[in-house]
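The two complexes that follow have chain A in common; it is paired with chain B in the first and with chain C in the second.
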Partner chain A sequence: MSRQPAHPVALRDTRIVAGIAALAFVAVLIGGAFLGLVIESAGDFSGAAAAFDSYLFRVVRFTLWQAALSTALSVVSALFVARALSRHPVFFGRSFILQLFAIPLALPAIVAALGVLALYGRAGYFAGLLTTVGGENWPGVYGLSGILVAHVFFNLPLCVRLFLEALQTVPADQWRLASQLGMSTRPAFRFIEWPALRQALPGVAGLVFMLCITSFTIVLILGGGPRATTLEVAIYQALRFDFDPARAVALTLLQILLTFAVVALLSRLGANTAAESGLSVAPRRYLSIGRSETILNALLVMLALLFVGGPMMATIAAGLQSDLARLAGERAVHLAVATSAALALLSALLATILSVSLAMARRGLATERGRKNRGPLLEYLIDTGAGFVLVVPPIVIGAGWFLALRHVGSVFAIAPVMVVAVNAIMAMPFALRAIRPAYDAASERHERLCAQLGITGWARLRLIDWPVLRRPLATAFAFAMALSLGDLGVIALFGSDTLQTLPYLLLARMGSYRTADAAGLALLLGLVCFALILLADRLGKERSL
Partner chain B sequence: MTADVPARQGVPLHLDRTTFSYGETSLAFDVEFPAGEITAVMGPSGSGKSTLLNLVAGFETPLSGNVLIDGRDFSSASPFERPVSMVFQENNLFAHLDVFSNVGLGISPSLALTPRDHKAIADALARTGLAGKEKRLPRELSGGERQRVALARALVRDRPVLLLDEPFASLGPALREDMLDLVAAVQTERKMTTLFVTHQPEDARHVAAHVVFLENGTVAAAGKARDFFSSNGPAAFRRYAGAMNER
Partner chain C sequence: MRKTMSALISALALAVATLPAAAKDKLTVYTYESFTAEWGPGPQVKKAFEAECDCEVDFVSVADGVALLNRVKLEGAATKADIVLGLDTNLTADAKASGLFVPHGTTPALDVPGGWNDDTFVPYDYGYFAVVYDTEKLKTAPASLKGLVEGDVSQKIAIQDPRTSTPGLGLLLWVRSVYGDKAPEAWAKLKNRVLTVTPGWSEAYSLFTKGEAPMVLSYTTSPAYHMIAEKTDRYQAASFSEGHYLQVEVAGVTTTGAKNPLSGKFVAFMTSPKFQDVVPETNWMFPAGKMDKPLDPAFETLVKPAKTLAFSPEEVAKNRKAWVDEWLTVMSK
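Presenting the complex of A and B:
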């Protein structure tokens, strides 16, 4: 019997080719950065070794210390707030609070940092009050305290949402049973709520720790000085101020080691790094709650609300006080807005294309594997490739390329490419999360039909995939654009007078003590990002089918 | 390709010593299906009915053996290259495309349709009782209508083998009978070699000329439907049908 030789898997399905291309792009970007680091350290190894001094160890210690404190503060307070919210599934303003708690995730770190300063800074709205209470002049929240406040501002709401989600996985029947057995607050917590929370705890804490250990912008603005510097900020300072490549290499290698160690630890704890949550607000009320507990819960929720809402209000108030009309007429602002918009658009486009390629390739491979046992390595790479990106901080990628490119020519000439590329792969895991479930669900329904009818390639993209993916793609695009717009990681390294984005301009204005300008720009940036996230959320929720 | 197989007189279909494995389970089929007639494929859950159809359609590739359609081996051809149409239990339609486009995709996978194709689609829709519903989306149709669209597409594809994988399992009894009558009528006109997977003995009795009964991944009995449903049909099948009736 003659049998036609089957084409190699990889060539038969264009989706898999696209996935390989996307993976190659990510590999080149990350690999190139590592190569730059290796070449740099190989050239002058003694310098890198000499960089391991007591200062460096102090930086490492501070990096870990602030992350641990931020995590503890965020997670512990979130446990109480989430429980309080779950005990009262229906009250006026509850859904508003939950929506408000989703905003920090969308807010650029630089905007949040400014909000914290506008509230608790030396010249902040609370300075007078705090001076009166403290009896001496309020010094402001710079240093560790400032970093902690900002990190908790970001992570408390995230933790609350994640814990609340965990509590909502408790089946309604358990609550019915609890009320039938007459469980009061304490046993209900012990037997019902705590087991659910404990299960979510390692994952949530791990995620927050990871976010804090790689936090750059907040530490740059609120920390600084040798006593409050993290590895990422030290890398930036070594490259931009001291120009000490050897030290930058040592710091970068340490940062990579540290993040990998943390990730390895987390994966053993079973942490999931999916930060988004679709909260249902299904009311459920079986337990009668005592008056004193109600008051306590109300107090807790109120405090959290003030803590999270405060910096946002301060951002708005300070922004409105600035000379917005003059800012709007400034050429530098126009340029920064145009640059930001162009870079963010490109970066969002790239992130979306990369994500959709990876989603399709993964699905294509999974379908193939259902039939033959082939390509598990490739599937694994595509699966984890995207998550891997989160482990490598943008500053590290930027630093590697910065070091490699300075031998070739002007680092600043290639700046736009770097900003677009790095921001794109940083947004990719989030974009992928919007696209992949939709694509997988559609593919589940369409795969056999397409195979049977011979719908492939361009026809399939146009007739089958595009109509289904339009909305998730728009969601991913808007989200990626918001992330890129607010980013200060790569641009801090590569920015210059000729390439200024909004966050970069904002940082420059802060640096030259034009605080009112900075506040005005922060308001603008915050509003644009908020609008984009709102749009992404809208598009994500409405289903066209 | 497919066009050189004449459609109107029916083609024989032969699974020639095909084997397949699904993790721990291994299956082996060696069976012929009569040309241009309806064969009911029956058997308990997990006996391999869907796998058998998937091997013919090309969604699975046999480990060994051949899938012979009209004497030609199609074992490693892609689903699209085979002279086969298949109607699934569900998800036969693209939810975002209207009835006309869903049928049209059966003629051209890129929806490049000539006026003649338009006519063919209209005829197929009329034949399946869907005239006037061209612009409807699948969600605006009943379950039965959706399966009619799938049948209409099989008609315009005009391939000599038709596979029906429990297509009416989620329909009520009266509707199911209507659909079976439609299948029988279309079958008489087109003489497609039809494999009809069903759990319902009365469905098989209604339309099928032959029965293939599967058990544990292999053919336990095969023969004329008449003989199967008589009092001295194959023992394995009577056990199965008896158990079905007791439910």
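Presenting the complex of A and C:
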């Protein structure tokens, strides 16, 4: 290897080394999980093959069925609500509604599931009303109905925001033209709104389908019994209920196949897997809207508002009714809060470090390109490495390691490491999105200067990058922490009475039907996550000013 | 950043500070949740044994008996458990095959139906599974398992999952011993009466006492609790004409526990009157050994099974997976 001054940063660029290290970490984590699965199935191949029974196919069928129904319900109702909102770009409370619709994304699934139960459950706020209306005792929302309600609660607001964004891409000229031509509601929908919506439809539907197919917590809590079980929940049960490794392997392989198939399909449809929508000010409209349509639209928006706001209100109301003072004094709660805080902080730190390394390496490689031919494969790996994480659900990674580690020692002893690592890489794609644009922009400005002055490594990080990256790093950190705090996937597998996080404790309290305790804990967890997301959002916005 | 770091360090310090300090000799007992509950036998047993051994008893609890075995199998030889308490005769053959348990080497004076000659597991209590019902919600209780299977589907029952719970497994075996190969058909009918399948006994029973289900799968001895502790006859066990399935609950010493001298002491203590006195009115089962005090007369008023049903541990071990899978297939339809 020559050390020609013509390539001053090439191999000595610590950024690339850091990126490779981060990538290696992700690879080891995911690869190790796959290795665990392979070893397990190779050891007892007949067992894994025999696990493909009618139960398994029923689970797959239910997984697809509930995801399809959830998607259809969320997307179709969101089309109507988004259109209604776009027809009335200015009214009192509109921005409040849009902000409210952003909250479900920030709520941990377990909190939302509890909110749904507090409202529609057998002992929920609506049980009395529903019993009177239905004539017999309200059976509650366990099973498919509960799963659908919760999935729509999460995805309807997301779809509304994405569709609204699509509708706002319609140029004002078109509206002016429509107005000049005296277009009434129906042709305006057909020629102006529908084409915009139709374009966004496959992407939005695909995203929702993907989210529903990998939904774990909702199904675990609201599924209630073997009749309503998805693959992810079945993997968990095969490991923690039956302890049937062969079945766990079969289920995990199926889950991977399924998510890959769905993602492959989505990328053909051009799905927007970013799941983020910043709504700008709506353009001026030149359309006069009739009274009856206004009433209809108001009704639609009202219904959506009630549906989305209901479980949130129920969470708050039920939480306030619980014995918060006693909960606050309980040792188990203190322990869970401390454990959650420690694990979430570590995992957020790890997620941030990994993301920064990847962003830097990506940029370093991009500036290298043309001078060296080493780039393409590594660059491609870094680009896709983060996205790959989204395809392999945390339960699958957890299950693989669970199976591999049990040959080595106690899986419960390694639990904290697993929770931190898996939650960190789960948050990584989101953290990367906060960090990369900022780093790229900063690099654009400083790259040449640094090269000229020979500022590299630690000095560069401290003097040049840190001041610019501080805010986006904090955003990424807060977001990763919120995700990790609310996660139930990995801890459900690895948790035990020696390691309980807040969501795990919540699940345990629900399991023993101490619903009041669960409601109190849900309120606490929901508020903390909401505050973190709000913080992340605030920091992210100020940066761009 | 400095603030973040200090927050991180203090959180870590907190997490570390909560690790228990090693002081006295310790005996770790894995058991099920209702055993360690405030109202369960756990607290009294812990107190009584600690007074005798000058040691510390550490209970670790999981949802129910089958989950207990899964947990120990999962941890393998590295398990922290010295004693596993809460398996039943339906699981002993499976547990022995795991190679994780050692012979107890004692000959305790025991009195359980059908006698006792297992060299690895020692019984501490026994009972009969029964459908317990709320007399205020259900006027006529089913008089047979057939009556339960074919009865009014609007009257629900809360049952337990046989993959985690010994009562859940018990009902599975009960149905199997009455219906034989027709068991899946029976489950297909019974399924419509099942309100929910809970992972452990505690969850199902608390649903029942909260009034969410008029029936629950429990024991003939459960009404004794309501008679003695709550002075009410409201909850009764239904007597089934086909007979009732027997459960003998046992404990065993693990390979880890074989190295701990406290394990043997605990097994001896478990069959002694000090432990047995606690069993009937905390675990609400019949004692397996001699008691110092007489059994409360309420136990005399309970349903006496017309016939005792039980598979041998070997039969259960051979068929458990197939039968549970069969159940899962029917229940997931």
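Operating definition for what follows: the second predicted complex is superposed on the first by the 526 of 545 C-alpha atoms of A that agree within 3 Å, B and C clash if a C-alpha of one lies under 4 Å from a C-alpha of the other, contacts with A are read in each partner's own complex, and residues count from 1 in each chain.
The rule is simple: contacts are C-beta pairs under 8 Å (C-beta built on N, C-alpha and C of every residue); 3 or more make two chains touch, one makes a residue touch a chain.
Remember, it's a predicted structure, so these values are computed and weren't measured experimentally.
*Asks:* Would you sort A:A459 into first (chain B), second (chain C), both or neither based on which partner it touches?
*Replies:* first
*Asks:* In the superposed arrangement, does A:V76 touch chain B (first), chain C (second), both or neither?
*Replies:* In the superposition, A:V76 contacts neither chain B nor chain C.
*Asks:* Should A:L345 be classified as contacting the first partner (chain B), the second (chain C), both, or neither?
*Replies:* After superposition on chain A, A:L345 lies in contact with chain C alone.
*Asks:* Is A:V468 touching anything from chain B or chain C once the two structures are fitted on A? First, second, both or neither.
*Replies:* first
*Asks:* Looking at A:L449 after the superposition, I want to know if it touches chain B, chain C, both of them or none. Which is it: first, second, both, neither?
*Replies:* A:L449 sits against chain B, while chain C stays out of touch.
*Asks:* When the two structures are laid over each other on chain A, which of chain B and chain C touches more residues of chain A?
*Replies:* On the superposition, C touches more of the residues of chain A.
*Asks:* For A:L299, is the partner it touches chain B (first), chain C (second), both, or none of the two (neither)?
*Replies:* neither
*Asks:* So chain A touches chain B in one structure and chain C in the other; where do those two contact lists coincide?
*Replies:* Correct list for chain A: none, the interfaces share no residue.
*Asks:* Which stretch or stretches of chain A touch chain B in the complex?
*Replies:* Of all residues in chain A, those touching chain B are 1-6, 371-372, 445-446, 448-449, 451-456, 458-460, 462-464, 467-468, 544-545.
*Asks:* Tell me, which parts of chain C touch chain A in their complex?
*Replies:* Result: residues 4, 7-8, 11-12, 14-15, 18, 33, 60-61, 63, 67, 70-71, 73-76, 78-80, 154, 161, 163-164, 194, 196-200, 202-203, 206-207, 210, 212, 321, 324-325, 328-329, 331-333 of chain C touch chain A.
*Asks:* Inside the complex, what are the residues of chain B that reach chain A?
*Replies:* Counting only chain B, the residues touching chain A are 57-61, 66, 73, 75-81, 84-86, 88, 91-92, 94-97, 101, 105-106, 109-111, 139.
*Asks:* Please give the residue numbers of chain A that touch chain C in the complex, ascending.
*Replies:* The contact residues of chain A facing chain C are 53-55, 58-59, 62, 122-123, 136, 142, 224-227, 229, 237, 240-244, 335, 338-339, 341-342, 345-346, 349, 406, 409-412, 477, 496-498, 511-513.
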